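Right, one structure below, let's go through it.
Naming follows writing order (A, B, C and D), and every chain is counted from residue 1.
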Amino acid sequence: MGGNSIGKQFTVTTWGESHGPAVGVVVDGCPAGIALSEAMIQVQLDRRRPGQSAISTQRMEGDVGVIMSGVFEGVTTGAPIHIMIKNMQAKSRDYEALKSLFRPSHADYGYQMKYGVRDWRGGGRSSARETACRVAAGAVARALLAPVGVDVFAHVISVKDIHAETFDRSQIEKNIVRCADAQAAQRMEELIMAARKDGDSVGGVIEARAEGAPAGLGEPVFDRLDADLAKALMSINAVKGVEIGSGFGAGLNFGSQNNDQMRMADGRPVFMSNNSGGIDGGISNGNTIIARLAVKPTPSILKEQMTINSSFEEATVKVEGRHDPCVLPRAAPVAEAMMLITLADHYLRHRSSRA
Amino acid sequence: MGGNSIGKQFTVTTWGESHGPAVGVVVDGCPAGIALSEAMIQVQLDRRRPGQSAISTQRMEGDVGVIMSGVFEGVTTGAPIHIMIKNMQAKSRDYEALKSLFRPSHADYGYQMKYGVRDWRGGGRSSARETACRVAAGAVARALLAPVGVDVFAHVISVKDIHAETFDRSQIEKNIVRCADAQAAQRMEELIMAARKDGDSVGGVIEARAEGAPAGLGEPVFDRLDADLAKALMSINAVKGVEIGSGFGAGLNFGSQNNDQMRMADGRPVFMSNNSGGIDGGISNGNTIIARLAVKPTPSILKEQMTINSSFEEATVKVEGRHDPCVLPRAAPVAEAMMLITLADHYLRHRSSRA
Amino acid sequence: MGGNSIGKQFTVTTWGESHGPAVGVVVDGCPAGIALSEAMIQVQLDRRRPGQSAISTQRMEGDVGVIMSGVFEGVTTGAPIHIMIKNMQAKSRDYEALKSLFRPSHADYGYQMKYGVRDWRGGGRSSARETACRVAAGAVARALLAPVGVDVFAHVISVKDIHAETFDRSQIEKNIVRCADAQAAQRMEELIMAARKDGDSVGGVIEARAEGAPAGLGEPVFDRLDADLAKALMSINAVKGVEIGSGFGAGLNFGSQNNDQMRMADGRPVFMSNNSGGIDGGISNGNTIIARLAVKPTPSILKEQMTINSSFEEATVKVEGRHDPCVLPRAAPVAEAMMLITLADHYLRHRSSRA
Amino acid sequence: MGGNSIGKQFTVTTWGESHGPAVGVVVDGCPAGIALSEAMIQVQLDRRRPGQSAISTQRMEGDVGVIMSGVFEGVTTGAPIHIMIKNMQAKSRDYEALKSLFRPSHADYGYQMKYGVRDWRGGGRSSARETACRVAAGAVARALLAPVGVDVFAHVISVKDIHAETFDRSQIEKNIVRCADAQAAQRMEELIMAARKDGDSVGGVIEARAEGAPAGLGEPVFDRLDADLAKALMSINAVKGVEIGSGFGAGLNFGSQNNDQMRMADGRPVFMSNNSGGIDGGISNGNTIIARLAVKPTPSILKEQMTINSSFEEATVKVEGRHDPCVLPRAAPVAEAMMLITLADHYLRHRSSRA
């Protein structure tokens, strides 16, 4: 109960620090008989890894995921699946200067207050490196859900005040921002590069969608699908908000505008809108599931900031090193992973809904 | 694991349907020795109960909370605390007409798809009546946290496009909207009354704050305080979004603007801003904890809407009956309760942080 | 996490003290569509209730179980099922004398050390009255499992040094000891009456069996079916030991004697013995599941005993009142209930074993 | 929820198959600030490892435990502690012959029925190799509990019909049987060697004790300390029974004999006997905690046995290879580990007992 597990049926537990020998993840509760290979995991890890483009950190980590257990002759066995990713290029010396300083809006101060000790090397446990494990577990969830028709993807819909205005899914992986609007992507990229040049950082909004999820996922009244998605997505580093469907915009509508009315089409129920984001009363309704995540600007910036040190003295800090000026492009695969993990959990839990 | 429990150490389980004999809540894991009375629970239930003002539903339910176990001679004993609230005035006949219709943007359709059966009387388990149990459990959490200095309150900051522009905490309980800006409250009230008259409904945004929470609450990496708050708040009926601190606004800042820099004042660390909403890296930092909830317009409206019935035929529906044209004023105490429950859980979990 | 819940998918939470207004149980995670009536619960409660025979306590409690939620038109809805049993005849005055004394081998001293406060009326939370809730929940589990062919029953196989020597299931409910050997039952009854007359008490061994449980129940490596049965059965008041199959006798065999060899019969696998008690490697093998529980003599006896009081002074105590001189006959339905709850949990968990 | 975790606050999750690249364990919820080194883990792993004496399997596995996370500069940080143990000498070819045969009284048949697939190499997940992970986690629990005075040890009290008759703790680690009676140990060893020579195996009983555990550990009513110990100990491979204190012998006493009466000595409560095994009403009373485990004879024997194969045809099987003719000496450290893990969990949970 240290808080490093998520999911009640499809349970994901991560371990590892940024500058330790490795990070890893145990997926417990995955059914037997799912086809799973390291290649299926690697393709997702590659989408998250550092150094993949000019706008991400220039650290070059291989991020090779190795399946250590739970898979035999190409299929899952029902045993816990452990995937390990060795850490490379950990330059702890870069962090010596930060050893006793609390970086503003980082986890440093909270960890120190909580535990009294702190692995300061690269952020230790609070490093975004831990999200590689989430992506690996998300790949397992994808392997479980894809055969039943669930398709999850995420894209960047705004960076600071630049918003995507068009949606072409095929564009997402074609630009380094992961934006479905190629023109907006170009402007976002320029903004990010300018922020980096200025030693600053920018944030924005990511949207994650699940198509093909069946109606009936989610458990009243606390483990609602939207509540569990909110937790899963908010648990990603730098995320400060989550909304479902019309979200904060829902409050601007009248009820008569916001309700998703229903018709039949080709013998199947259809919704005339999707303000619910595919979830009513905490249960999926068969419509596309839509969540959006607010991502703050990376707190690691080169500009000098006021802070205190671990002796509770005032100090200043500049966070040198190789940091992403904008984490959104790399956070998109993490958002997908957390949505996949949540859906996998509820997909399995749903099996107990009826006698 | 049916999903009707929340909290790992301070565990809250609710039961009961809108039109059954009663609803109730079991709080397990509350420490012994906390002073707790029915009066402390009732004062909170009264803030949530129907019929309290002209803008809430005109159902008159007493909502009397009775402590059935776990308290002896005025203090908690460590045994589970069961609080029961009898249902009054349940007019199931009002719902006969809705028996086989799925009300748009309600839980009806999802429940039917999930379970194959459905208690259609008053929404059954999906009724907001269940939130009375949350408020009762929140009162227990408050009794645990108040002696250690944690003070939680919530207020309505916008109704549709009317926003509170000033903040005076003393105003909140003085107007029926629960808005800290008395003038905005007046306009909000008028808007709500107009919506009711038109057979429509409106939504908005609630803010919940916790003052006095110590630094160190929250467990990396999944059970972060913000992640657990997001889940707890998103699990409230009609909530479609949750944000912490600058939330969706964080994305509009540069990192250098968004970071909360630190100084010392009177020998204690202070933050020069609170964009983090009191939580960094998922752990409380001692600053005021701030969360905002987007609440959709009540889906129960008098206007005719298109829908389908349980035979999958097209139909229309008007949701007659006594419904809140705007649930925000009554949802504010529920938001407080969910924040209190989450903080109580992490307050106790934090006891295991150090040797 | 106060410890008052058991089961991960079929989750049972009990609340209530012996001398409070009622006791109750919430079953969460029961699938929708199970036929369930109060009569199905009552028949089991009647088998456990006090005052049912000359050898049980003479307290006369009606023990009427009322379904408060989760059932609509005769079937479960998937919502939590709350069953409440009002307390009658609670004579707290009987316990005034025991208010500050720790009864030997009772929970009194432990509760005081743990919580610092204690509801001393009738044992409070530690009273065996709580087991009525388990029996009610067991009836729900039975309603889930009976349609799939699982049949659970328990019987007393020894009282002190008197052992059942024959097994005739039809005899169990025909004698007040619940022994499958009518002649042994007669001698057991005499022994119990003699112990009562002497102000003393006796214990013994109960056997619980599940016939018809499918192979495949149980989760490696900690939530093994035998491990979860051991927990469930050991959690019953006065139980001091649990064994599966040949149990403590297994150690007296050579491996070649203890192994259950397999053959085919009528196209189905059969075991040539059942030393495993139906469970190998923590997973059911389709053979009858057999568990035995060691039950200590009731610690409440009329004889004077040495003890201390809550001021840590030496004292003596005689536990007056209406106590069972032998709890085994009434504990048998509780053992059945705990086995049923455990099997129901694993029956549902097993649904996630395969893709 | 695949069943590979145990403990609610001090949570232990194991992964890995016998013939995979490694096995490992994640301990989540261990407080920060505990001194922990690989040497503290290795000393325990060495007590469990194969090949340590003439009566254990002759496989020579180094069983080197490596701390991969959660420890920084010699102390725990509050982050999950991952310990990995590489597999050596995995001779999967030995198992080719058993690929489609169900070894009697092994997990083979149950796994096949449950999952439809099975890693047959060396028993895969069901191998006792997994218990190395438990021993590693137990060493972490010991590091947490030793500074507060809790001392756990286990010893073999019977092998088949040979019983220890004296108790001298200092003898336990001096003989290869781990028996506290040196003379009985000699006879046990001879019996084990004779069984091996005959291609057979023997079982017996282990006793585990915790001295110095404070009163107050255990949570009513399901997560009782004895119930959780029963689960933890029953979850060990080959264990078929668990008893606490006088256990199955309790039923042979009158209540007046079985009750542990209390006196004061040197200002502290003392018990005049320990039939309760240190636990009353599920809560520790400060007396020595005593549990005994029935261990069946190793099912892997060289003698020919009847079985069926995975095509459901009758067959015979001889389990060749390097198996322990008696697992008790190596199971004793595993029993200690499971007792330590359970106590660590309840030690931390107890921190929430009082306001």
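Simple rule for what comes next: a residue touches a chain if its C-beta (ideal position, glycine included) is under 8 Å from a C-beta of that chain, and two chains touch if they have at least 3 such contacts.
Predicted model only: the values in this text are computed from it and were never measured.
Counted as hops between touching chains, the shortest connection from chain A to chain C is 1.
The interface holding more C-beta pairs in contact, when A-D is weighed against B-D, is A-D.
Rounded to the nearest 5, the angle that brings the Cα atoms of chain C onto chain D is 180°.
Annotation: 26 Å between the Cα-based centres of chain A and chain B. As a whole-number value, the distance joining the C-alpha centres of chain A and chain D reads 39 Å. A separation of 45 Å divides the Cα centre of chain B from that of chain D. Chain B has residues 1-5, 8-9, 14, 29, 32-33, 78-79, 111, 114-116, 125, 220, 352-354 in contact with two or more other chains. Those residues of chain D whose C-beta lies close enough to touch chain C in the complex are 1-6, 8-9, 12, 14, 102, 104-111, 113-116, 125-126, 130, 158-161, 195, 200-205, 214-224, 226-235, 237, 240-264, 267, 269, 272, 275-277, 279-286, 294-301, 303, 305-308, 312-314, 349-350, 352-354. Contact residues of chain A toward chain D in the complex are 1-5, 7-11, 13-17, 20-24, 26, 28-30, 32-33, 66, 68-70, 72-73, 75, 77-82, 111, 114-119, 124-125. Within the complex, the chain A residues that touch chain C are 1, 8-9, 29, 31-34, 76, 78-79, 144, 147, 220, 348, 351-355.
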